[in-house]
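Got some structures for you, see below.
Presented sequentially are two complexes of chain A, the first with chain B as partner and the second with chain C.
Moving on to the complex of A and B:
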């Protein structure tokens, strides 16, 4: 992750939060604790810096593209019987992978004919824990039609809704560091990866490494969807641009 | 409703391969197929001693995918030796390879930066042009003065144009006199005069409205 001078306040505020959280009376004291990774402080520190602002059905046009074009393209080259694997990384608190699951159930007529494995992963282990719980407030559900909220959630109280168990069990959550190759490889190969709004936080080298890791995590011919302000062409020449009616995505060449 | 009809562990194909040791990396770089060379190039980033082998591999590599991994490995090793291994590829006849080399240097900017002033004086105009792009993309307190010095002495208008483009991005008020002198020197080269006019306007507007 790279933070410019303009982000000084953002960094300071989070460092101070962690100093308070660990009852460190000086930065030197806290820095020593961080370097020695006392009680997993590195993970806590990383968690403090991640941005977990998202909502259901964000960038819906990519979901439309998934069911209109991407899955059909994958099925033409996948051996029959192999599961379709979709990776949402980073998945934050789970809104994106659950959105993919709901979208498929609602919009893909072949949903019952294939095993579909959806994996949500994030470096922020607190976010992953919340994703597993699957409880959301009104703001996260603002784009989801009320009909779908009624169908896939149960009201916890007046202010939060819990994903139904069946749907919750359709998504597997893991912790992952996108620039750690050994870590990403463990997740296997995917047909479609949603990797939105994370590469912009990396420096050049980390972006290259992450792009190469994602390349390895895609089956030949598999697709990767980035955030609407991102361009893989500026990060790495490894992928082809694939233009569809609803979205521009990137594709690992077949060979 | 469940999307999975059998346990995920049975459905998930595994890709984790055993880690390569240094000898296996060198062997695969030299004699592997495309997939093996790609894997070896990625693994080579953990072996700084592999820099010469990465350079040899780059010189012969035909696959753009593997080449990308070779450049990345050198960038991750990030030593002066890896910079020196990449520099000859700035002279490649293939524009794609020149760009890949330049991108790899940008990915290890702290180690690559000391080489940039030398590249700005290279006898080859296309290398000097690439160096101007590096100056633009590697923020440094001396970047503006390096471009200004080049503008005062550079005979090739295309190299000057690259430096002008860099100054349009990173320039400050101190760059304006050098830009004007360059415009005077190349009055007979309309495209350069035009570029300089745009750059001067841009620098002036940045001076008046500095970005946060």
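Moving on to the complex of A and C:
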């Protein structure tokens, strides 16, 4: 991650949060803890910097594209019987991978015909832990039609909803660092990767490394969806642009 | 449904999303649904409670759908006579014949749409519509 002078306040606030969290009375004291990774402080520090604000059915047009074009394109080239693998990275607290599962159940008539594997990954281990629990507030559910909230969630109390066990079990969650090749490689090859609004936080070098790693995580012909303000062409020449009716996505060439 | 007690369906499929999809469709139509991940788990369910219908996937780990049906059909009545709707991605005639020989009452090729599933389930449970 790269922060310019304009983001100084953002950085300071999080450093102060961690100083308070570790009862450090000076920055030197805290910095010592961080460098020595006392009680896993590096991970805690990273977690404090990640942005975990998202909601169900965000950028719905990409979900439309998934079921109207991307999966069909993958199925024409995949050997029969192989699972369809979809990766949501970063997955934050699980809204995106669960949205994909719900979207497929609601909108893909072939959902019972294929073995579908959805993996959600994030560098923030706290977010991953929350994703596994699957409890959400009103804000996260604001875009999801009430009918679907009733269908796929149990009301915990008036203010939070728990996703059904079947859905929780249909998504696998892992921790991942996108710039660490050894780490991303463990996740295997995917047919479609949703990687929205994370590359914007990286500097040029990290962005290129992440793009190369993501390329390796795609099967030949596989697709990657970025956030709507992001462009892969500016980051890496490895991918082809694929324009569909509902979204512009990037594709690993077939060969 | 004509009868007041809901019909009980056991959905046997290793894919979580598929179980959820079938379950939603059946529950919406008034069925009571339980789930099993494979044949072994299904047999456990059947020893514990009575079901009116089994929806059985063919390809599953541990005990596949057809081995499960053969095992079930060899048990004593009334357990052995529980109707079974077999679902599969395979449409070759010899596959259908194999399922039928194993004890399938009905064979459908996936994808199975929610409305069709409910229609088959109603038929096999002896529910009349209209």
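As a working rule, the second predicted complex is superposed on the first by the 255 of 255 C-alpha atoms of A that agree within 3 Å, B and C clash if a C-alpha of one lies under 4 Å from a C-alpha of the other, contacts with A are read in each partner's own complex, and residues count from 1 in each chain.
FYI, a residue touches a chain if its C-beta (ideal position, glycine included) is under 8 Å from a C-beta of that chain, and two chains touch if they have at least 3 such contacts.
What you are looking at is a predicted structure, and each value in this text was computed from that prediction instead of being measured.
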Touching partner for A:181 - first (chain B), second (chain C), both, neither: first
Which of chain B and chain C A:212 touches, first, second, both or neither: first
Touched partner set for A:146, first chain B, second chain C, both or neither: neither
Partner chain(s) touched by A:113 [first = chain B, second = chain C, both, neither]: second
Comparison of chain B and chain C by chain A residues contacted: B
Touched partner set for A:245, first chain B, second chain C, both or neither: neither
Touching partner for A:170 - first (chain B), second (chain C), both, neither: both
Common ground on chain A, meaning residues reached by chain C in one complex and by chain B in the other: 101, 104-105, 111, 115-116, 164, 166-167, 169-170
Of all residues in chain A, those that touch chain B in their complex: 6, 82-83, 85, 101, 104-105, 111, 115-118, 164, 166-167, 169-170, 172, 181-182, 185-186, 188-189, 204-205, 208-209, 212, 215-217, 236-238, 253
Residue ranges of chain B touching chain A (in the complex, touch as defined): 1-6, 8, 11-17, 19, 42, 64-65, 68-69, 72, 75-76, 78, 96, 100, 103, 106-109, 212
Interfacial residue positions of chain A with respect to chain C in the complex: 80, 101, 104-105, 109-113, 115-116, 151, 164, 166-167, 169-170
Contact footprint of chain A on chain C as seen in their complex: 13, 15-24, 35, 87, 89, 110-113
